[in-house]
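The structure is given below, and queries will be raised subsequently.
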Amino acid sequence: MMKRKTIIAIIGGGAQTCTQEACDIAFKVGKLLIDNGYRVISGGYGGIMEAVSKGARSSEKHQDGDIIGVIQSLQPNDANEYCDIVIATGMSYARNQIITASGDAVVAIGGGSGTLSEIAFAWQIGKPIFAFNIQGWSGELVGKKLDNKRSDTIISIDSPENLVNLLKRL
Amino acid sequence: MMKRKTIIAIIGGGAQTCTQEACDIAFKVGKLLIDNGYRVISGGYGGIMEAVSKGARSSEKHQDGDIIGVIQSLQPNDANEYCDIVIATGMSYARNQIITASGDAVVAIGGGSGTLSEIAFAWQIGKPIFAFNIQGWSGELVGKKLDNKRSDTIISIDSPENLVNLLKRL
Amino acid sequence: MMKRKTIIAIIGGGAQTCTQEACDIAFKVGKLLIDNGYRVISGGYGGIMEAVSKGARSSEKHQDGDIIGVIQSLQPNDANEYCDIVIATGMSYARNQIITASGDAVVAIGGGSGTLSEIAFAWQIGKPIFAFNIQGWSGELVGKKLDNKRSDTIISIDSPENLVNLLKRL
Amino acid sequence: MMKRKTIIAIIGGGAQTCTQEACDIAFKVGKLLIDNGYRVISGGYGGIMEAVSKGARSSEKHQDGDIIGVIQSLQPNDANEYCDIVIATGMSYARNQIITASGDAVVAIGGGSGTLSEIAFAWQIGKPIFAFNIQGWSGELVGKKLDNKRSDTIISIDSPENLVNLLKRL
């Protein structure tokens, strides 16, 4: 099979819930992932989803098609403007399953109940989960297991650089 | 509008993950909910889903149609034998959204990552959430908020009788 | 396994598109199916979906739980008032897959593009398809095959009585 | 808003059902669409989906990220090898809604019941539909309306060049 670029799913709070700290991290994560040859996939809306997409756009290595947003509605125009590709699902929150299943790894940056449902999905389908040790569900769950179905734990991340170093070892 | 029976969504671990304590509670919850005129909806498979359905069947007040299973696959025969009605979704874990959206309230009994995704969905769409204070995600989250989108908390439940008393006040 | 009531999926046009002829048939089909011990499942909204549910309610044999509506939205109250049980999917038109997968057989009564998508789904997943020989996609497709994946054809139906007679032989 | 590349959804039969004629057309369509600056999205499996993706790869203008496959399963590796990006839905046939909703226009090339469900979805959500006038559902429906919800018809296409000319006028 031809080699496909690795896709990293970024999850975190929307425009109403994300902290400035989480948004700043998301921007840097987006930039650094593209700098290092990854694609990013997110929920395509505001907050962390917009910050990671904007950061990805800011990378000098950004190529059109590197930034994917998978949105709840049937209207591609509902996505943030930094997505190169919009997948319109019409599935409401069930689109969270699609984001996590389409990523080769999942990275949580803060987040509320929506992020929590995505971490749970990612766990169920066996994706490696990286979680920033900050306020929100990512910080709550670092180093933990969600149940005994897996032998690994949710990996604690301290910085965007730390994340990329660990991703390279996957 | 004609009055419809209230539907209670019961969530918890499958056959591999549920504890005996959780299964015993689920059986009693199923019976008591039917005794008190509710319908039950669950994920339709084993473990808690089977125990609550079996308990519901054991109620003298059980009427055909009171027990609904919403399953991941497209094959109704994959459901446990105690479901009166099987909704076959073909949506994998995304069917968790449907279980919580179709219940007027959600009751968590123990549970692992699947249950956690359902609690998160229920929170996102504003459903009242009742959680048994036992091992598993239901116990972990009693009395907590998943984020600041809601002003209420996940309600701690000590017994099936306690649950029914609180449901009657809804 | 305990025997479950057979569920018949009824598909057809919504409030804007269904003809009076189709609605009259749907009412009679709903009544006759319940008279004969079946459950009915539909899309839970207006038009044919409401007519079949209303007809089902009019049967003397109707038991609470016999009429199921599987709706597009996350809000059970969006369903018509004759549904005993509402399954709220939040999946938009993708809920059409769930209606056809949950029925043991599928019955088309007239219908536009939504009904056509349901007939196509039913064909793909191997459900027996009965189609009233009237205006709309059900009439267009009587006696036809949608492709060569199946050896049977879409069965032409002339009357609600004819339908029930054929269903009994399944 | 930053301008996103227009995405064209290509639908048609899988490996078992597509004709050689349809596959040859799909290959040329894929190549020509990329030559002209479009992205392509398909169901990501075999037959037409593979042919259009392979054709797209053969274009000198192909850039990584131009070819998207939206698959039924949760396993990205189930997609054909020519997809640049795989969206794994876990939604079975319901993923057909996502393909059509994510395209700015939909192009049908032959096809059986799966393609028919996608044409029906595309009609329901108001997407322009172009259909090759060949054997299969695309040919059956050229020049037709699926119901009266729209005033336009399914547009008959004679050649890949004809398609691109019409797309440019959208």
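Labels A, B, C and D are assigned to the chains in the order they are written; within every chain, residues are numbered from 1.
Quick note on the criterion: a residue touches a chain if its C-beta (ideal position, glycine included) is under 8 Å from a C-beta of that chain, and two chains touch if they have at least 3 such contacts.
Computed from a predicted model, the values in this text were never measured in an experiment.
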| request: By the contact definition above, name the pair with the higher C-beta contact count: B-D or C-D. | output: C-D
| query | Centre to centre, by mean C-alpha position, how many angstrom separate chain C and chain D? | reply | 29
| message | Using Cα averages as centroids, what's the distance between chain B and chain D in whole Å? | response | 40
| request: Would you give the residues of chain B that are in contact with at least 2 other chains, written as numbers and ranges? | output: 74, 90-94, 97, 125
| request: Indicate which of the five shapes (line, ring, star, complete, other) describes how the chains touch one another. | output: complete
| note | The answer for chain D against chain A in the complex is residues 1-2, 4-5, 7, 39, 63-66, 68, 70, 74, 76-77, 81-91, 94, 97-98, 101-102, 104, 125
| Touching residues (chain side chain C, partner chain A) in the complex | 74, 90-94
| message | Quick check on the complex: what are the chain B residues that touch chain A? | response | 13, 16-17, 91-94, 97, 112-114, 116-117, 120-121, 123-125, 137, 146-149
